[in-house]
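We call the chains A, B, C, D, E and F, going by the order they appear; numbering starts again at 1 in every chain.
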Amino acid sequence: MTTWLETLITASPEDGFALAMKLSRMAVKMTQPSDEVRKKLRPIYEQDANALIASSQVVATNFQTVATANNYWRA
Amino acid sequence: MTTWLETLITASPEDGFALAMKLSRMAVKMTQPSDEVRKKLRPIYEQDANALIASSQVVATNFQTVATANNYWRA
Amino acid sequence: MTTWLETLITASPEDGFALAMKLSRMAVKMTQPSDEVRKKLRPIYEQDANALIASSQVVATNFQTVATANNYWRA
Amino acid sequence: MTTWLETLITASPEDGFALAMKLSRMAVKMTQPSDEVRKKLRPIYEQDANALIASSQVVATNFQTVATANNYWRA
Amino acid sequence: MTTWLETLITASPEDGFALAMKLSRMAVKMTQPSDEVRKKLRPIYEQDANALIASSQVVATNFQTVATANNYWRA
Amino acid sequence: MTTWLETLITASPEDGFALAMKLSRMAVKMTQPSDEVRKKLRPIYEQDANALIASSQVVATNFQTVATANNYWRA
């Protein structure tokens, strides 16, 4: 598998948030490697308020990690 | 998409809390891009105590990140 | 809306815990602005062990933020 | 109400863990002030594996705060 | 009760992880002191994927605390 | 049991993420030592969106610990 995570350092907070989204999705992908199964599950959690809230919790934890890595993009 | 997250630095704790709310909502928006679906889900979780508590957990984690970024707005 | 969050600095750990409770409730209030709806939900989650535990998790995360902001009220 | 939280500083990790338990319970008490209701709920969550796990998550977060406050009781 | 938590300092990351498991279990034990009830619950959560995931979340939070206490066992 | 956790230090963020996955799984393995039971549970949570999200939350917390241990792999 090509390197999918070279660094935690990003140019901006927005890029950092996108990386946090990617980290969250990669954990699911590594737990459930089948694209087909994940594709089948997507419409289920995408329409489920609780699942969307739970996934935003994962992003919040990963964003905390990425923001700290980037010293909060403070000048 | 225009830049929605320029900086984590805010003028006040209250602005920081508003940013934490925004970060929490953006994670949902990026997971479920359809305004229509999110609009349909809103009345469901807005009336569900558990969903409201779970979303306040996401805000708490994001607020922790923003507060640390702002050195807790200590003078 | 008047300023509801001037500072994270409190005189004591006990005041800090009260602020963590307030931060937790404000996130719910900002997600569900209707006093009427929140009043209707209150007796539901107040009698639900899982909801009470989940809300104490939110308080624990916010208290961690407030305690760190106050350098743990170490003399 | 008498002061229930004078300090986060404890003599030992074990006392720190007891404080984390206390912080977790106080959040529930402040959300549901009725001793009678809490007493009614206790046998329910005490026999529920998921509730016990969720409450140990709250203790883990509060213990993290207390341990950091005490610099991990490192000599 | 004899002292069950002398220190957070461990010789290795592996011992630190074992301590994190112990901290997680002690929170359950202090919430539900009855060995009999806990024994009755064990086969339930041990066969429940969600309960196993939730308990690994508690261990992850406690391991974060123990790892920080040990400065991540960096030489 | 041979040493499964020598160090938290990894060569790259990607190796760090793999370690976070391993830490998450080891907590489940130590709670449910039976390979047979875990094998039986795997197809259940692998097809359950909520379980996949919850397990990615565990990975996010463990990745935060590993990233901090490695000083975020900053050069």
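Criterion: contacts are C-beta pairs under 8 Å (C-beta built on N, C-alpha and C of every residue); 3 or more make two chains touch, one makes a residue touch a chain.
Bear in mind that the values here come from a model prediction, so they are computed numbers and not experimental data.
Starting from the defined contact criterion, work out which chains touch chain A and chain E both, please.
Per touch definition, common to chain A and chain E: F.
Enter the angle, 0 to 180° in steps of 5, of the rotation superposing CA atoms of chain A on those of chain B.
60
Just give me the whole-number Å value for how far the CA centre of chain D lies from that of chain E.
Taking the mean C-alpha position of each chain, the two centres sit 15 Å apart.
Approximately how many whole Å separate the CA-defined centres of chain C and chain F?
31
Please compute the C-alpha centroid of chain B, do the same for chain D, then give the distance between them in whole Å.
Going by mean C-alpha positions, chain B sits 27 Å from chain D.
Tell me, which residues of chain A touch at least two other chains?
50, 54-55, 57, 61, 64, 68 - these are the residues of chain A that touch more than one other chain.
Line, ring, star, complete or other: which one describes how these chains touch?
It is a ring, because the chains touch in a row that closes back on itself.
How would you write out the ring of chains in order, opening with chain C and then chain D?
One full turn from chain C through chain D gives C, D, E, F, A, B.
Which bits of chain A are touching chain F when the two form their complex?
By the definition above, chain A touches chain F via 3-9, 23-24, 26-28, 30-32, 37, 41, 44-45, 48, 50-51, 54-55, 57-58, 61-62, 64-65, 68-69.
Show which residues of chain B lie in contact with chain C when the two form their complex.
Going by the criterion above, the answer is residues 12-14, 17, 21, 46-47, 49-50, 52-57, 59-61, 63-64, 67-68, 72-74.
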